[in-house]
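Pasting the structures here.
Shared between the two complexes below is chain A, which has chain B as its partner in the first and chain C in the second.
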Partner chain A sequence: MKALLDSFKPGLKDKEISPLQFFGKHGISVALVLCVVIFSLATENFLSADNFLTVVMQASIIGTIAIGVTFVVIGGNLDLSVGSLLSFATVLVVDLHDKVGPGMAIPLMFVFTLLIGSINGFLIGYLRLNSLIVTLGMLSAIQGITLVYTGGKNVDISDQENTWFAFFGREEIFGIPVPALIFIVLGIILQIVLLKTGFGRKIFAVGGNETAALFSGLRRKRLVFSTYLLSAFTTACAALILGSRVMGSQNNVGEGYELLVLAGVILGGTSLLGGSGSIVRTVIGVLILAMIQNGLLLLGYPYYTQWLVTWVVIIVAVWLDIAAKRGKLLSSY
Partner chain B sequence: MKVQMKSVRIIRSLGKVSLLAASISLGLSGMANAETFRIGITQNNVGVDSYQTTYEQAFEEAAAKAGNVEAVVLDAGGDVARQISQVRDLIQQQVDVIIIWPTDGQAVVPAIRGAVKAGVPVVVTNSNVAEAGQSLIASFSGPNNIQQGAYAAEMMCDQLDGKGEIVQITGQPGYTTAIERQKGFEDRLPEVCPDVTILDSQPGDWNREKAQRTMEGFLTRYDNIDGVYAADDNMGVGALNAAKAADRAPEIVFIGATNFAVGYEAMARGEYHGSVYQSPAEDARNALNIAIAVAQGKEVEKVSYFDTPKITQENMAEFEKPVF
Partner chain C sequence: MKSIFDIITKQPIWIFVLICIIFFSFSSPFFFDLSNFTNILIQASTIGVIAIGMTFVMINGNIDLSVGATVALAASLAVGLQPQLGITGAVFVGLLSGVLIGGLNGIIAWKTGVDAFIVTLGAMIGVRGLVFIYTGEQSFYAHDLAYSDFGASSLFSVPVLALIFIFLIILSHLVLKYTIHGRNVFAVGGNRIAAKEAGIRVGPHMLVNFILIGFLAALSGVLLSTQMGASTPNLGRNYELWTITAVVLGGTRLTGGYGSIIGTFGGVLAIAILRNGMNLLQVPSFFVLIILGSILIIVLFIDKRFSEQQGHGVRA
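After this line comes the complex of A and B, so read on.
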């Protein structure tokens, strides 16, 4: 728990901070509270345990992926392939479910998803190719593989009522939906890994100053490689949730998810230049985005207001983040 | 060089065999018409969904079966620039008719104009081109999405006995199919059922998981929902999933469109109530028949819809389970 609380105060713990710096550091939590308050006052049904769990569950697919992608971004790279990797993994696990049974389908799906992640990691970590180009190309390549695999057909699980595969997306433990549990537990574990292990600290170092990290003897290649394995791993976990929740999959089910994931990561204040960021803040970022969607739907606003509001929230968050670092709200340059 | 020659010869002899096969089948079917038509098609994005995949298979089958058709089957891969160059290729190959499944109803218009100028008539399939192109084309062949929306309204009305509160999950915003189905539904509903009100409409983007999330929101917001209209079965089943999870499915009527296999199965289980049966094979055959008629110089209707009947629990036995 201490680790979690600490994560709200990255960097040095100064005794006196200006309100601006406070917003810069805790802005994301303030925004979360603001969202809850506004939507609770504006709608009847927002503030209920049921609806809160619905929001966390709805955020769980994007959120689980975002946790892994946060590692990639802290390491100074991007991963735009997670959306189509999610399509691939979901199609695979759903299709194999009926062919070899869920007990075999799940490990197979993890193996193939991690394999693709390791290709990303190899190209970016070991061959030092630009991550934007590699993962953008991978986005199309995986979509192609998925289409070849299915021949363009949707895949569905035939016996949806009696399979234990339903556990990951449809069941509850102590009243908490399993997708929400997977999301939160993964978030806590990986936040601790990020902050309390040598591995986590090295990733900050690699993303912050690659040259310095190299000279201090860090194995950059292996570290970057492992961040892509992590993002593939969390994407595979998300595919488990998605496949089980829907009990079927379209070929392009994850289309555009890479941008939603990135929006959550950015909203959480992780720098796109690498070297800083936090899992807890990513989780909050994703929750805020899900809450905006849910809240505006409950208010009965048309869908395009969601896009607008989401955009405004991201801009404000990024601006506050930068302003706090510069120490003033309006910059002269 | 030798290898190349050899392969050319093989291809030629293959061509002869298929010609032979074609003439045999012609002879068997007793058609005296020995004229062969070359019909080129540039499709939107085969492989991206099962509808388009099935369409392509059915088109090739129908062309082979027709006997007097030599089909040049191309796919634009969703890329409008590629589609435009494919139209040019087809003009160069001097096909008799070009069938276009527009990747973009607006951007393909100049290509259509080019084809018509070169003397090649154009048939548009599945989704129509923009207004500016409609005077150029020989015919449009496809589903009537406004009618499909109207059918859905009628089925909803029947199932609710003329009274209730419903929600609507629409397709991807901006898509012609989505807009037309919504319009057909919203125009027809007050005519047949003035006492059924639409509480809310939100897009599900043709995505089952998105539709599921949208429905979860509706279920939280409204304590009473009597019916859901989803613009395709994929989203309809998503809505059904959400309602089942909230234990509210039995009290809700589910009406979709474009009957998918999952929708068909849910209907067989008694959980899903109505949809519109749109067969991609029928879609393909209709387009091919129109194109053949155009090639033969026959008069064709400017718009030719293929039949997309209502499917409900009562009459579903008359329909085969959709392949997609």
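After this line comes the complex of A and C, so read on.
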């Protein structure tokens, strides 16, 4: 009977989308709303402007890096070296702070971090080596360079009270913590770059179909190179936040960040195959992970419970995403 | 002449191992020594046992990032449950946990079709959470000394840990080379769709390999805890990266379809010899990180140039 009725409404079927497709398209927003609703109902303190700022602040370091890495992933590559690079940049800026002053330390840190990023970009963009292995090698090499630089010792800033370096990690503008501000502003700017400029569209093209992009005259080498410069740049920004907040650094402070960053990017629905993704969704992905962390802590669970929840959330999110594209829930192997 | 060229291009890592052995033998009086060699084998066995499983998974065209966390889980269970279950029972539960984690990864990858990289990335984070929940952030110590005695014991004056490692290398080499399962590993990795059309049950096949690597990671964790007589919740951090490094050094391709256990063995030895030799020369261990990272990229570069010459880059 229903089939009969449906047959009188031509065109309707095309517009209807199945629940699966709906989740595939809007899953990340649904998840964000779900997160907020559940934690707001379960705890008293979750739903407040203050706590929201705390969440953004906690997400700011991983989020800032994730924004740059999103460009790399959309371009069809991976960057596993950002964790080591974060350690390197943080150690460098903190160590140079006392030696040459913050005014010189910050530009120097950016120069050296971008230099390492350009090595990644050269090896992967120009020599066309596999990005996973190159950045894996760089992960260990950069860690080594950091340790050689410090001789294995931790570094810290001696006069922590009277330096304007504290601005990036500890101060507020109009009640908004600067780390959160850096994170959000970078996110907005780079989202515009990604969507509204030729550069952004070319990166989608290179990640989506390299051969087609090549034949349409895109300079693949240069584009891939620039995505790695971008991820090094956002990593340097994150190092600024981290160094300023802690006013010191261990040699392995960024260890494991590369995978947490990737978790945020993947949760945001950016395909590891390249060619699709968005900064806004990456930011939401990172925020969801931070909310899970924050909410579970408010509920009184130990911090490591979040890892278990993260596991489930990542797999379910990517599963729904893939299932929506495939049109059915299970694979056909 | 051609065969030498073949070896250099196909197994460049063994050349590197040879150079390392010669170099360290001349520069350190303590290096070329049987007891030092067995030392190297023991040091290599931790990563090596996992690398065997990783070779299967990577030739399959998959990857497993959760091995480091599995090492910690198995070690914590095998040491922590000893008061309740005794050594045998605790070790059994530890190994079982690896099988279960591997099985879970495999079933998720099979049924959902989510890429193994993402499945195991999730598991890597989640299993570490399980370890912390179980241990409550505590380290465990084996009170029964028989446990740590096993880690230090020898058979025919060869340490048991080294024997287990060598035995597993030989066994897995034979399995990969001479069994149906072994041939399927290459077939599935080379072309998944063609393998499916040819009647290989791709999903269950990959599941078996994930169970294998889960078991081997757990075994590595148990063996490591017998060496220390203890377990810590942070055990095995970064092991996934070291293992992948070793396997890639050994010439296995990330894209799947190509690789060998012998190559992996070379990769594992290269890392262990480099660490051991640099240690004997009293070079700070950080330089090892830089050298290993560079070698990884150089091996990749050689491999890429060679495959482009030979097959115009068809093998990716």
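The definition used in the following text is that the second predicted complex is superposed on the first by the 309 of 333 C-alpha atoms of A that agree within 3 Å, B and C clash if a C-alpha of one lies under 4 Å from a C-alpha of the other, contacts with A are read in each partner's own complex, and residues count from 1 in each chain.
As a working rule, a residue touches a chain if its C-beta (ideal position, glycine included) is under 8 Å from a C-beta of that chain, and two chains touch if they have at least 3 such contacts.
The model shown is predicted, which means the values in this text are computed figures rather than measured ones.
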Put chain B and chain C onto chain A via the superposition and say whether they clash or fit. clash
Classify the contacts of A:32 with the two partner chains as first (chain B alone), second (chain C alone), both, or neither. neither
With the two structures laid over each other on chain A, which partner does A:245 touch: chain B (first), chain C (second), both, or neither? first
First, second, both or neither for A:294, with chain B first and chain C second: first
Any idea whether chain B or chain C touches more of chain A? C
Is A:147 contacted by the first partner chain B, the second partner chain C, both or neither? both
For A:188, using the defined touch cut-off, is the partner it touches chain B, chain C, both, or neither? Pick first, second, both or neither. neither
Per the contact definition in the header, classify A:304: touching chain B only (first), chain C only (second), both, or neither. both
Between chain B (first) and chain C (second), which, if any, makes contact with A:58: first, second, both or neither? first
The clashing stretch of chain C against chain B, among 7-15, 223-231 or 241-249, is 223-231
On chain A, what residues does chain B touch that chain C touches as well? 147-148, 151-152, 302, 304
Enumerate the contact residues on chain C facing chain A in the complex. 65, 108, 110-115, 117-119, 121-130, 132-133, 137, 196, 201-203, 206, 237-238, 241, 244-245, 248, 254-255, 284, 286-297, 300-301, 304
Residues on chain B engaged by chain A in the complex (per definition of touch): 46-50, 52-53, 173, 200, 202-203, 207-209, 212-214, 216-218, 220-221, 234, 237-238, 241, 245, 260-262, 323-324
Sort out for me which residues of chain A touch chain B in the complex. 43, 45, 48, 50-51, 54, 58, 61, 147-148, 151-154, 156, 170, 242, 245-248, 250-253, 293-294, 297-298, 300, 302-304
Complex interface listing, chain A residues touching chain C: 80, 123, 127-130, 132-134, 136-145, 147-148, 151-152, 255-256, 259-260, 262-263, 266, 272, 302, 304-308, 310-312, 314-315, 318-319, 322-323, 326, 330-333
